[in-house]
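In structure tokens below, several structures.
What follows is chain A paired twice: with chain B in the first complex and chain C in the second.
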Partner chain A sequence: MLAADGLMVFYENMLALNNISLRCHENQIVGVFGANSAGKSTLMYTLSGIILDQKIKEKMRGGEQITVMGEITFEGREISGLRPHLRARLGIVLCPERRRLFPESSVMENLKIGAYMATRQESRDTLDYVLEIFPPLEKLLRRPAGFLSGGEQQMAAIGRALMAQPKLLLLDEPLLGLSPAYQQVVMEAVKRIREAKKISIIVTEQYARPVIPIVDYAYIMENGSGVMSGSGQELLDNPDVKAAYFGV
Partner chain B sequence: MQTEKRKERIDRGIKIRSDGIYALSSWREITYLIAPRFLLIGGLLAAPLLLHFFPYWQKVLLIICIYALLSMAFDFLANYVGLVCLGGSFFVGVGGYGAALLNKYLLLSPLISIPLAALFGAAFCTLLLLPCLPLRGVYFAIITLMYPLMMTRIIEAFELFGGTNGMMDIQGFGNPWIEQYFLVVATLVFLFALRRLSVEDLGLVIRGIKDNDQSVRASGINITFIKAQAIFYASFLGCFAGAYLAHVYMWAGLSMFALDFSIIPIAATVVGGGGSLLGAVLGAILLVPLSEVLRAFGPLRIVVYSLILTVVIVIKGEGLLNYLSRKYHQFERWVEI
Partner chain C sequence: MEILIYGIVNSFKLILIAFGFTLVYGTSRLPNFAHGAIFVFTGFVAWIMMHKLNLPFLPAALLSLACAALVGVVIYQFILKRIRGMNMNEIIATYAIGVALIETFRWLGFKGTTFTLPVVKEGVVFIADVPVDYQRLMVVAVGLVMLAAVWAFTKFTRTGRALRGIAQDERAAMMLGIDSDMTATLAMALGSALSGLAALMLFPLGSIVVEAGYNTLIFALAVCMVGGIGSWSGTVLAAFVLGFLQVVTVTYLATHFQMVVTLAAIIATLILKPSGFFGKHKELEERV
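And then the complex of A and B:
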């Protein structure tokens, strides 16, 4: 479904992504694990195309020079030059790190903005679905999103991403700052979304343990390079990986 | 894949070599460090001499320096403190009237009344802006825009300080050399003093407030006091420019609260490149003569002026100074990956 080959990203002269290749097949959950500064977020920005906007913005204000290289194909179509809003229309939707909700809009409005490109019927159905998998949101619909707790915000952020009718959902550190209990809730929800909506999901996370049970395939990144990949079980069996990413 | 090329920006060797104290060991490195500064200082100091036979352009030089001061004040407040201040005309007006009053009623000579007016004017402006300091962004900008309007109406309504006619017969400088060098030297001194300030401890805190005022507060620093200090410095520059203007025109009137003094510094900062103070000065040095040259277009002057501004901002949005300093310090080359 999504195939990325030889992705390289430079921030000025610093290599942030070094020749990363990644595959995500239909209806698969793919995990990307790595420590801080491994390049997970850069990878997400590159797949969703937001890096192209950053590049232009930096150029306008004379900041860092960002170089992006490599090929990304999505459903057989070459998309590496496509701007992020066009990629979102194709179905690649990013749920960014630290949620980036619109803090002064209510949860309902946040969800509606996500559904801007969807038809009325789709958006009504998806809204029902979001409230079904995240029941706590039902009571919070009128509350400004800035006043929600971390876990509730994460639910709202995933909900907003779902409202955009993704075929491929990119979740960037969805567990950031959540309690273990909430982590379970969110991961359960991710699993249910995959089964109900038949979409593919790519999840990045620093700590692999809560994520590994639900992924079909996983990549491990270090300093911008992909060092290892395999199914969840394969990674679990590797002693080095165990020490570094599972805290055993 | 392997044949692709990437443009790489690398610092020049001489920049690295002249970073530390060892720069003193070679004339080349010393020249590299001093040349840009010398260009500005020497250029500004030589300008009055070079323009000796063009009295009209000597006046333009004064206006350049006045706008340079205002641009510095704007740049300092906007890019270091994080307060977008449209109060350039407020500062100029307060400084101008202050100098006029000091000169007329206390009979102080210009060289004394200008610094005093700047000092009292800055205190006055800071006091008036103090209640607005918690405001941010566009709200602060609107308040600073309202003050000069308010001042004009008050002066008009109560016929203060000569009412709409303004205050006439203010003492001029007499000697054109003193008139020019006083301002040119003051501009340079303020430029380097403010640049120095912004890397001192106080400047560090000030930039911290711009980025995240809550964290600064969490470090036990009273941000209102710091912000008030920053406003004081900026309005000192503005009032100095205003006081000077009053003595050059030998008149202080309502047009000192004109919007030009608020708007043109913004354009200068954007064109020159914000965030370095030097860029603001460079912008003023370019824009003021440009607007004089464009007088040839008659009524279309503002149209051409705006067009040039728009094109510059669209093409070189980073600002001229940032572009130039990048070219000076770095070179580009293509590397294979």
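And then the complex of A and C:
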């Protein structure tokens, strides 16, 4: 479904992504693990096209020069030059790191803004679905998103991304700063979303333990390079990986 | 009593003048310094349509609003789009366009006080023994309708919500499929049309003069800065504060102190609370 080949991203001379290739098939959950600054977010920005927007803005300001190379094909279509909102229209929706909800809008309005590309019917159905997988949101619909706790924000953010009717959902560090209980809720929801919506999901995380049970395939990144990949079990069985990413 | 009523009327004048500016800045971070020029432009276009093309008021008004919106779109598509994100350049470019537009009218001979727009309806009513003409009531009514319309638009329509989204977090909105160029174009069109609407409501109270372009811009800026630039509720509140301040000044001091007070308000705001009444922090605080 999504194939990325030879992705390279430079911030000025700093190599942020070094020749990353990644596959995500129909209805798969793919994990990308790595420490801070391994390039996970850059990878997500590159897949979603936000990097192009960054590049244009930096150039305007006379700031950093960002160079992006490599090929991304989505459903057989070359998309590496496509701007982010167009990629979203094809079905690649990023749920960004730190959630980035619209803070002054209520949760309901966040969800409705998310439904920008959806038809009325899709919007209604998805809203029901979001409340079904995240029941706590029901009570919070009228509250400004800026006043939610981290876990509540994450549920709202995933809900908002679902409202955009993704075919490929990119989740950038969805567990960041969440309590173990909320981590459980979010991971359970991700699993259910894949089963119910038949979509593909790429999820990044620093710490692989809570995510590994639900992924079909995973990549490990270090300093912008892909160092290893394999199914969840293969990575679990690898002693080096185990020490670095699962905590012994 | 007089102060109360004229204060309210004056506040709505300021709301009409400033809201377009705030709308554009609030949603797209574009400081449209051609705002005042579009104000004057709309006035003259309406005048030309009525007196040279002999159109009745309503079609002339609607057409001139469309022209104002078109100017906004053109300014964005041909100029701002290329320099977006560089605030200083945006200000210089839009201001230059504004000056060019205003001075073109002056050069074409549109000066003096012979150009007037008709009031919607002649007449005066007495509210608590204070005479208020219909046009001033219209200003209040149109101001209220405009606020309600903009509010409903951003609350209940898909496109309006897209504007709300992009105003709060441009990138997050992009990830949901919202095109920032589209919303910016739309914001410029709307903002310019609102400036035009203000012109159609306010010029009938006096005559169309090119200088109004500069004054309008200063008033719009003052209201926006005092209210917190880009904040809608702040704009309304600031319009009332400045509106009453101006009326009090005119009543107890003299008319020409109006501008002094307005500029003093900007300075006071910058000293006391540079972000204005409701200057917003755009970043969503991280909660863990």
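A few comments on the model shown:
Here is the rule we go by: the second predicted complex is superposed on the first by the 248 of 248 C-alpha atoms of A that agree within 3 Å, B and C clash if a C-alpha of one lies under 4 Å from a C-alpha of the other, contacts with A are read in each partner's own complex, and residues count from 1 in each chain.
The rule is simple: a contact is a pair of C-beta atoms (placed from the backbone, for glycine too) under 8 Å apart; a residue touches a chain by one contact, two chains touch by 3 or more.
Just so it is clear, the structure is predicted and the values come from calculations on it, not from any experiment.
Upon superposition of the two complexes on chain A, a steric clash is found between chain B and chain C. Of the two partner chains placed by the overlay, only chain C lies in contact with A:Glu104; chain B stays clear of it. Between chain B and chain C, it is C that contacts the larger number of residues in chain A. In the overlay built on the shared chain, the residue A:Lys198 is in contact with neither chain B nor chain C. By the touch criterion defined above, A:Arg61 lies against chain B and chain C together after alignment on the C-alpha atoms of chain A. When the shared chain is aligned, no partner comes close enough to touch A:His25: not chain B, not chain C.
When the two structures are aligned on the shared chain, A:Phe10 is found in touch with chain B, with no touch to chain C.
By the document's definition of touching, of the two partners only chain C reaches A:Gly177; chain B does not. Touch criterion not met for A:Arg124: it reaches neither chain B nor chain C.
Shared-chain residue A:Lys139: touches no atom of chain B or chain C. With both structures placed on the common chain, the touch criterion links A:Ile50 to chain C but leaves chain B unconnected. Stretch 93-101 is the one of chain C that runs into chain B, the other listed stretches 93-101, 111-119 or 147-155 having no clashing C-alpha atoms. Where the contact sets of chain A with chain B and with chain C meet, they give residues 60-61. The part of chain A that touches chain B in the complex is made up of residues 5-6, 8, 10, 12-13, 59-63, 65, 67, 69-70.
Those residues of chain C that touch chain A in the complex are listed here as 83-86, 158, 161-162, 164-165, 168-169, 171-180, 280, 284-288.
Against chain A, the residues of chain B that register as touching in their complex are 1, 4, 6-10, 273, 317-319, 322-323, 326, 337.
Contacts from chain A toward chain C in the complex involve residues 48, 50, 53, 57, 60-61, 83-85, 88-89, 93-96, 98-105, 109, 112-117, 145-146, 148-150, 153, 160-161, 163-164, 177.
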